[in-house]
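So, here's a batch of structures to check.
Here chain A shows up in two complexes: once beside chain B, once beside chain C.
== the complex of A and B ==
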């Protein structure tokens, strides 16, 4: 399963827990962090935990998305679906 | 004077000069949806802070960005035999998740060190589902409830194990 598909599943699962006016669109334009973020800080933490659970389930591999590598990058890997997908692929290769 | 530096935020004790900032958070209709109603009265807030400064069994923190801008509040109070209560956790809209998590972490870490306690407690409105989910992710467990509130407890060990995945 491709990482983007996992991110889609994660957003679907997150949306099940959100109110109608908070639901997140699966789109390259969506921002998860920064001034244009479509989710608040608490929801971001939930999303990260859902993604980690799905990765463990689908890839049988435990990864922590929030780590030194994430903080050391110029642009946050959590910025968009594209950056998050590339970042997770990198982590899975390690 | 308490002034603790973190990676993403700093925390310090509240001052009367913070009264307006606190009211801006507590009187925000969205943020205060699940809080006790606060009247927008600057003098009352100043008096509250002055009273707090005379007390010796609670801590009221201002969470600041690394550029020293106030971005949140947090309170440790209701010290029981082996547990402290957390509350008044409000953050500005534009804060990022790491500022939010580290701000809370630094306040709890301070409280664990000061009290020597191994757990904390708090209550959350049942309707406040996002906050309930966050605290459960951080290891908190429901230990009681009323029609409108859940009562939670969390051990230091569970909290530190879970927050370490994010900070």
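== the complex of A and C ==
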């Protein structure tokens, strides 16, 4: 399964607990952090947790997305679906 | 001397049945005989007054009689229930000089090479008063050993109370277990002992012996509801269910009241450090309770935290700093809400989860999810998180068919309607295993 598909599944699951006007679109225009972020910090943490669990289920590999590497990168890997997906692929290769 | 009042009462109840174990009935007279035997046993084995004695047992006529004999002998008793694994460490902390174990209906005794050196133990020995050492059952950290002067704990049993028939649900080494035993014996009630403490065993014995009182925990009540054990057995003899030892989810309380409307559901508030406090629940559906303030118990609330000062408080911990302030107040670490004379326990401040500055009490989240039929049990706890500091996580007991990702989606959808976002668990760990330990208390 492609990482992007996993992100789609994670967003679907997260949307279950969000009100209609808060639901996250699966689109590359969506921002997860910064001033244009579509979700608050606790919802972001939930999304990250769901992604980690799905990765574990599908790849049988435990990863921690929020780590030093994430913070030290010039551009945050959580900026968009595209950047997040590339970041996870990198982590999985390690 | 110490229990003259009790022996007098026991002798007056003569041929009434006092204890039922494994279907065998023992009258008060037989308990008295067992007590005399136990006294001779201690004598024969050179157990001197003021010795520290560990007693490994569960409730049965022989262990009850031995307990009474040990009180009468002015020993310092360390009751250890059969579920305890760290027996050696209990004996070391309590500086036990004797170990008594039970094999069927007879006892074996062992002299232990310990020298009592703890100041509190030596003080009690010098006063030649009976003592009781209760270990906290906390799942984190080393269990704390609370040393009591037994003469204060015995005081309340001198007054006459309600005669009730009951089961020894709470364990032998628990303040609640001690309370059940002493209350029932001193008022001529009936004690039915348990083997497995399963919902079926407890309910079948309630039916068989028409028992009136069930002292238990919220987790166990939840178990009876979920397994519909109340449908299998006639529980109409029950008059009172007391619940304590952990916070009660409102949903569980209301459900139980609906099932057994004739039963008074009463919250108890006891701590091994201060004894059992007299309380009065507002009603059977309410978690609000009145704490009685009298000459034996005083309470105060400072910054929403409950403090207790009690005559029956322990002398102190043998292996930890004193938890009392200079005026003798004990900080329960329980956060409470106040409504007139009533208080409602929200939970231990140590269980409180601080999600980015917002406070979450596990019990309120647990209570919400327990409304879902498919949630068989739930434990809410705080987990470290690099972004929020702490976040809420859940361990949920489900049936095999719901042990999948789709069910987590349902939980999230359900949570949206009932809980603020920061209270919704970031992670749901599904399991088909039980979430409670030997004491029918959630593992926290």
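In this text, the second predicted complex is superposed on the first by the 94 of 94 C-alpha atoms of A that agree within 3 Å, B and C clash if a C-alpha of one lies under 4 Å from a C-alpha of the other, contacts with A are read in each partner's own complex, and residues count from 1 in each chain.
The rule we apply is simple: contacts are C-beta pairs under 8 Å (C-beta built on N, C-alpha and C of every residue); 3 or more make two chains touch, one makes a residue touch a chain.
The shown structure was predicted, so the numbers you read here are calculated from the model rather than taken from an experiment.
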item: Partners on chain A (chain B, chain C) - clash or fit; value: clash
item: Contacts of A:53 with chain B and chain C, given as first, second, both or neither; value: second
item: Which superposed partner A:13 touches (first chain B, second chain C, both, neither); value: second
item: Touched partner set for A:2, first chain B, second chain C, both or neither; value: neither
item: Touched partner set for A:33, first chain B, second chain C, both or neither; value: first
item: Partner chain in contact with A:66 - chain B first, chain C second, else both or neither; value: both
item: First, second, both or neither for A:45, with chain B first and chain C second; value: both
item: Candidates 2-10, 128-136, 272-280 or 416-424 of chain C: the single one with C-alpha clashes against chain B; value: 416-424
item: Shared chain A surface residues [contacts with chain B and with chain C]; value: 17, 40-46, 49, 66
item: Complex contact set, residues of chain A against chain B; value: 17, 33-35, 37, 40-46, 48-49, 52, 64, 66
item: Contacting residues of chain B [partner chain A, same complex]; value: 91, 93-101, 129-131, 133-134, 137, 165-167
item: Contact set on chain C toward chain A in their complex; value: 355-356, 385-388, 391, 405, 408-410, 412-413, 415-416, 421-422, 424, 426-427
item: Chain C-touching residues of chain A, taken from the complex the two chains share; value: 12-14, 16-19, 40-46, 49, 53, 57, 66-67
